[in-house]
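Next come two complexes built around chain A: one with chain B, the other with chain C.
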Partner chain A sequence: MVARTIPSHANIRLLAKKNLGDLLEVLGRWGTVYAPVEKQPDVYTFAETTDLSAIALGYLRTALPPKRFMYPPEERLYNFTLSKGFEEPPQSEDRQILFGVHPCDIHAFSILDLVFAGPYPEPRYFKRRRRTAIIGLDCLPDVNCFCYSMDTDSVERGFDLFLTDIGEDYFVRVGSSWGEEVVRACKDLFTGLKEGSIEEYKRRADARSRMFESHVEMSDMPQIMELEFSNPLWEELGEKCLSCGSCSIVCPTCYCYDIIDQFDLKGDSGSRTRRWDSCLFKEFAQVAGFNFRQDRSTRVKLRYYHKQIAFVEEYGRSSCVGCGRCIETCPAKINIIEVLNEIRGKKVMSHAG
Partner chain B sequence: MLAERIDARVDPHKPHLARLIRIDPMVKDHRLFQLRFEDPKLNDEFTHKPGQFVMLSVLGVGEIPVSLCSSPSRKGIMELMVRKVGRVTSALYALRENDFVGIRGPYGNGFPVDDMKGKDLVIVAGGLGTAPLRGLLWYCLDNRAEFGKIALLYGSRSTKDMLFRSEMESLLNRDDIQCLLSVEKLDDEEKDTWRGYTGLVTDLFRHLGEIGEDAYAAVCGPPVMYKYVLEELLNKGFDKNRILMSLERRMKCGIGKCAHCAIGYHSSVGYRYVCIHGPIFTYWDATNLPEMI
Partner chain C sequence: MSKPRVGIFGLTSCAGDQLAILNCEDELLDIIGAVDLKSFVMAQSDNEEKEFDVAFVEGAVVTEENEEKLREVREKSAILVAIGTCACWGGIPASANGIERVELYRQVYDTEEDYFKCGRTVLPLKEIVRVDLSVPGCPIEKDQIIAAVGSLLHGVSPVLPTYAVCTECRFKENRCLLVKDDLLCCGPITLAGCGARCPSHGLPCKGCRGPVEEPNAASEFDILKEKGYTRHDLEKAFRTFAYSIEIPERA
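Let's turn to the complex of A and B:
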């Protein structure tokens, strides 16, 4: 049997796990590193750190998605004075590195890109996007993960480096010229592929895809939802939903916003602020004298239809990435996996837990 | 990556200072605001399509979408008709001539005036619905040779509720437009002088002359009006694709991002943002968008 030579892939490297701390330190010299840390038992957040011992490498999902690094919950758009009008406050130029971003959240950034581009591109978002590096990290699903159904369980682009655990090493995919620079600058930390690395990578990918317990069949979903526009389920969800907006806040692709103006105390100057909004809030479609979405059920329905039909039509895919945050967060226990399966007329598989 | 290719140097949210050069009280709680950008270059360059809107900022209070009710054929000054209904409009009413507001735009699709050229046009307005239609009306009259027959059907509650009354009545003297005006209730002192009809705007259809097969209709008015007006238009043989209506929704951005004005959903029409896909929609859109009217 001919021994198989190890193919050399320009965009694939190995990083020995013991070198990860050193890599973080190098990254810290380039910009501020934000990585997942356990803030409370089982509650994770992206926080500033380059300390490997503080980083929760095995985290599954952060409570809030990393969208806030590109699109903050609240941001001042302008300062104004009555005589000079609106002026943009200076924006930070600081470089930031998001370390340990999972595939679903990387996909979510690509989705936000589509939204903030469009006929009127949003400069603040794209400025942040360009001064942000993304180091992806693979993960193993729990019962609330359905990225496999949403075709977001793996990523081909949208990261600078992507780390997959293959035992002693991380299998590192280089996704940008910046990522390549990092690899070149840290020659000692990275090596080429070893015997069996690719096999191990494939074995892990297979094992991972078999771990998904929750599935939603997404083919024809827009058509099916259109047919189910009058399904009583929407009324039932309207009864259950508390209109708290938590699902929007934790959603990595929800982007609705409100704009709020305020005077300073002196009364001749002030500011205009943009703030995350939610389509579940009662005032969302309120105009003077009329509310186009008075009923909670029409608002819950809007959220589903926007993500599963409207977005598909406008951008070619659903804006849901299957991260499971809304399931984990909803105080009324509305479960998107169950809702979508019920709409399809499938018996809901119960995953109590 | 898309993020690297996007040219995002222009800030679409930034309003420009505009001066209120004239404020005319119209009927109760309706005022016509004439504005001009402070930057003369901007003022020269500003143009719009009839049916488009601007985002108007009252500094420190908020920003609202307002239909442009002036015609792009009359450049240099923009006119906005604003009804006092909420927080921002009340603050606008507290401003005086020469005060500043912020303006950005124009936004929205506007009326498809190029497609409408050479065809007959029926404009149906009720109440404040004249605001987005007035720009279209004057655009067509200022480019009269480019359009077929033009008819205006305008209904209001009484002569006191009529917007642009003298302007509308002056059209009665023109022979290049069929102007049909109606009021639901006519005051006694007007019995001998009123040159219009009494009744509902739908009653005016029986006076409407012969209309071409490929004619357009533009409709705007209170929600209660649509059902009956649309029925009349279908009876007259109008194509659903040529019945145009202007919609109103809550908007925070005007540029297809904040998602407040979303309406949906039917695969034949799709999901729409009133701000960038509208505010002008066809009746065909409306019959396929269950949330539209």
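Let's turn to the complex of A and C:
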């Protein structure tokens, strides 16, 4: 039998786990590093740090998705005065690195890119996007994760570096020229593949895909949802929904916003602010003298129909990435996995069973 | 353009909303400079009570005298703004509604006499006169009263939050006290605008800003029932600041 040589892959390296702290230190010299930390028990957020001991490498999901680094919850767009007209407040030029982004959230950025790219490109979003590096990190699912069903459990693009835990090392995929520069600049930290690292990578990928407990069959979902427009389930969900908007605020792909103009006390000036909006809010569909989604059930239904039908029609895929945040967050326990399965006439299936 | 004539009045409450206006220290001179302050008993003497372009009224209607004063102010004012949860929803004074009044006189004043002529049902302003704008809060938020004055100067209504405290709590990435800690939190049915101040400090929302436009109290009740709370617990919590919230029975 011919001994297998270790192939050299230009875009793959190994990073010994003991070198991760040094890598963070190097990244910190390039820009501000934001990494997952446990801010309260079982609540994770991307916070500024390069301190490896503070980083929750095994975190499940952050409370807010990382979209807030490109698209803040609230942002002043303009100041206006009678004499000078509109003036845009200066935007930071600082480089930022999001460290430890999971595949679902990386996919979510690709989805937001589609939305903000056209037909009226959103310059603020892309300005931030361009000064942001993304270091991905693999993860293990809990019962609320259904990225496997949404085809977002792994990721091939949208990152600069992507780290997968394979034991003593991280299997590092290089996804951009910037990522390649980092690897070249830190020659001492990275090595080529070792004996068995490919096998270990594949073994772990297989094991991970078997860990998903929750599944949704997404095949033909837009058509099936169209057929279930009058399903009494929507009314039931309307009874439960609190219209609190939590599901959309924690969603990594929701992008709706409201515009608020505020005059100041001087009488000749004011500001225009953009704030995340939610289709669950009653005012969302309020137009002059009429609200075309008066009932909560129609608003809950819209959220599902936009994610699973309208978005697919416009962009070719669902805008849900299966991150499970809305499930974890909803006080009324509305669970998208159960809703989609019920619409299909199925109970939640267990992959492991 | 002449400055709008403004009056600031208090009915029955703790006067905390009027005080919140005075607490706008950095902006106070701008506010005073932008309006012609005709009446503000708490802050100035020589008040003149003829006509007002805008009247801000704090407090609930507890006495006959309160009602007379409110009607008088309404009569004299083009725009009437209810400030504070007492004025908007009845607030704490209205938590007396539904309790035998004589019993309260005995407990509080040690007499059975209606000494202060407060035997009536306590009501928010909108139950008695037309209210053009409501700025709830216990007390009102500084930035909202400034936004309200700024907008009214331009002849428009301010854009104040209409969503629930949960929204602001999620913005802050707080640990959910209702979902994760099973605490009786009124956040899902309470109007935002406070920046989820209490939950941000680990305290459940008490509902002090009054309810959102369509509070789904039935669903909140279902959620809390599952956690072991009784209908009485919820009514007590929901109605501390807004006596009129009903928890509908599920069919």
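FYI, the second predicted complex is superposed on the first by the 346 of 353 C-alpha atoms of A that agree within 3 Å, B and C clash if a C-alpha of one lies under 4 Å from a C-alpha of the other, contacts with A are read in each partner's own complex, and residues count from 1 in each chain.
Everything that follows uses one rule, which is that a residue touches a chain if its C-beta (ideal position, glycine included) is under 8 Å from a C-beta of that chain, and two chains touch if they have at least 3 such contacts.
Just so we're clear, the structure is a prediction, and the values are computed from it rather than from any experiment.
Bringing the complexes onto one copy of chain A puts chain B beside chain C with no clash. Contacts of A:Gly245 after superposition: chain C is touched, whereas chain B is not reached.
In the overlay built on the shared chain, the residue A:Pro73 is in contact with chain C alone; chain B does not reach it. After overlaying the two complexes on the shared chain, residue contacts for A:Lys282 are found with chain C alone; chain B is out of touch.
By the touch criterion stated above, A:Lys39 is placed in contact with chain C alone, chain B being left untouched.
Counted by residues of chain A touched, the larger count belongs to B, out of chain B and chain C.
Applying the stated contact rule after C-alpha superposition, one finds that A:Arg296 touches chain C and leaves chain B untouched. With both structures placed on the common chain, the touch criterion links A:Gln262 to chain B and to chain C.
Shared-chain residue A:Ala63: touches chain C; no touch with chain B. Judged by the touch definition given at the top, the superposed model places A:Thr329 against chain C, while chain B stays out of reach. By the touch criterion defined above, A:Gly85 reaches chain B but does not reach chain C.
For the pair chain B and chain C, the least inter-chain C-alpha distance in the overlaid model is 5 Å. Comparing the two interfaces of chain A, the one with chain B and the one with chain C have residues 260-263, 267, 270 in common. Taken in their complex, chain B has these residues touching chain A: 1-4, 6-17, 38, 57, 59-63, 85-86, 89, 100, 102, 223, 248-250, 252-253, 255-262, 264-267, 270-271, 276, 290-291.
Interface residues of chain A, counted against chain B in their complex, comprise 77-78, 80, 82-86, 88, 109-110, 113-123, 125-127, 129-130, 157-158, 176, 222-223, 225-226, 229, 255-263, 267, 270, 272, 274, 277, 279, 284-290, 292, 298, 302, 305-306, 309-310, 313-314.
Interface of chain C with chain A (complex): residues 27, 30-31, 33-34, 146-147, 149-151, 153-154, 156, 158-159, 162-164, 166-167, 170-171, 173-176, 178-180, 187-189, 212-214, 216, 218-220, 222-223.
By the touch rule above, chain A contacts chain C in their complex via residues 39-43, 45, 62-64, 73-74, 239-246, 249-250, 260-267, 270, 276, 278, 281-283, 296, 328-333.
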